[in-house]
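The chains carry the letters A, B, C and D, assigned in the order they are written, with residues numbered from 1 in each.
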Amino acid sequence: MADRTRTYSWDDPFALSEHLAGRSGLELMQAMASGELPAPPIAHTLGFRLVEVERGRAVFECQPAEFHYNPIGTVHAGLPTTLMDSAMGLAFVTTLEQPVPWTTLELKANFTRALTVETGLVRCTGTVIHAGRRVATTEARVEDAEGRLYAHGTSTILVL
Amino acid sequence: MADRTRTYSWDDPFALSEHLAGRSGLELMQAMASGELPAPPIAHTLGFRLVEVERGRAVFECQPAEFHYNPIGTVHAGLPTTLMDSAMGLAFVTTLEQPVPWTTLELKANFTRALTVETGLVRCTGTVIHAGRRVATTEARVEDAEGRLYAHGTSTILVL
Amino acid sequence: MADRTRTYSWDDPFALSEHLAGRSGLELMQAMASGELPAPPIAHTLGFRLVEVERGRAVFECQPAEFHYNPIGTVHAGLPTTLMDSAMGLAFVTTLEQPVPWTTLELKANFTRALTVETGLVRCTGTVIHAGRRVATTEARVEDAEGRLYAHGTSTILVL
Amino acid sequence: MADRTRTYSWDDPFALSEHLAGRSGLELMQAMASGELPAPPIAHTLGFRLVEVERGRAVFECQPAEFHYNPIGTVHAGLPTTLMDSAMGLAFVTTLEQPVPWTTLELKANFTRALTVETGLVRCTGTVIHAGRRVATTEARVEDAEGRLYAHGTSTILVL
């Protein structure tokens, strides 16, 4: 019982706020992708990282692992959903001239294929569909190295 | 940098299959809630546990922590979504006379209040709305000790 | 071909605005349910009507008919979805001290049983789940006279 | 009161079944788009029509009109949702070698801009995202002549 162990580390999530002044959303996300700014704790907990950003788009990578598993022998749907929420949120941030408070009001995810440790590295791409003044909508896809689709989703974001 | 560290353990997620024979879905979930059967890896990774089950209903508890945080200083929406997906899936399992292969086709989540470390222990309750022969729909809510609502959602489950 | 014909009437949808001043959202919805205020054009087009309102809740009735049919011999899913969107929107309106501009940002609907002309009169009940200052979430159900569930859904509403 | 009147006609929705044998889903949809096969009753009730089909894609057109209006002076969200459900369902049908019974399990719609009579003709394009053996997922968009987006959505379809 309890024969697998994992140890990981993360950074103070509030240290990020010192770095926000005077940078656009895209510049901040580029600094996060390059490693200049620390990844958030959840990215360390679940083992994913921001690898690409451009205006209106953010891409994460993740290696499905046993520590993501559900009771039915596959990766829990919470993993692709968390990847998609992250990618959609940061795709939105790249469209901001300067950081503003915002929140995800809702998300919807479809799961089209089970993720397992055999899947190998997956990429999750988030894209902005509609960027209004107060509300944005976004979409995301989780795909493997061959472009097979594992999950897709949409979300609604509100500027506070 | 990287000044926080966490170590945790989990059990072989495939060991569960030995325990399935001859038990109803409700009996299996009761065995998981009591600790007789191990929790899945994802529950150890994100720090949640099954605390109550009855026919058509499953309840998880989770203590929001810094390791759940997103880059904007609150718990990542992936946590309540993962809790709800777990609670909805296991609520469905409690309705099965015997284990069958199944999958979550989709889920939708609304986030009504931010979770932080100050929120304290939350409960996530999943309930079956409609149990058809091949398709079930379910709903879930995440609430704190005072009954304040943080997230709610629905999902569609397919018997394979 | 084209052997069925239907004729119906409706009222100027902009005449309603004269009636808004000095009434709460609940009072307006009560006036609509009683017939003092006209139903909107879509209610005449699809044949549904508001029958009950109270604070946080609105109920519509509709008789499924051939003019609602899709190409596969059942009522089009657009009908229960439209009923649910109406019931959720007006449930929200009943919570307003005075009318404010608002919009539905998104809705999600699950269809659990096909509606046909044999179903008979259905009721669609919309309820407010969370009423924030700027954002509300709601849910709805479509049921027949025996309480069988045909559809359920949720939506997110934004105060403009 | 009730000063606007509309009269319209439709065809027996069960007459379609005579035409199904020996044709692929794409051939059937092409016959519906060309007018050889009748449009379903709901298309006459809400005033929309199938204008283009190809494998994995279906396009409807609709002219927003006063008879689509809600109580707040815009087109009811039920119209774009019904258009999207139709376009997503028929996009799925075009992928079938031969007609099979199927149903829409759920749909989710985001509304990004209000439709009014000033919007002019809109097009709703449905596309298949994932076509599995038993489950398909689809998406749709509603756009005006200038390509402005009014609504977008996704759905899950089950082969029965």
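Just a few scattered comments:
Simple rule for what comes next: a contact is a pair of C-beta atoms (placed from the backbone, for glycine too) under 8 Å apart; a residue touches a chain by one contact, two chains touch by 3 or more.
Predicted model, so just to flag it, every value in this text is computed and none were measured.
Interface of chain A with chain C: the two copies contact each other largely through the same residue positions, with over half of all numbers used appearing on both sides. For the pair chain A and chain B, the distance between C-alpha centroids works out to 20 Å. Inter-chain centre distance (chain B to chain D, centres taken as mean C-alpha positions): 36 Å. Shared interface positions of chain B, i.e. residues touching 2 or more other chains, are given as 105-106, 108, 110, 135, 137, 156. Taken pairwise by the contact criterion, the protein chains are fully connected, each one touching every other.
Partner chain B is touched in their complex by these residues of chain D: 105-106, 108, 134-135, 137, 156, 158. Across the complex, chain D is touched by residues 108, 110, 112, 129-130, 132, 135, 137, 149, 152, 154, 156 of chain A. Residue ranges on chain B touching chain A, taken from their complex, read 1-14, 16-17, 32, 38-42, 44-46, 66-73, 76-79, 81-82, 85-86, 89-90, 101-111, 114.
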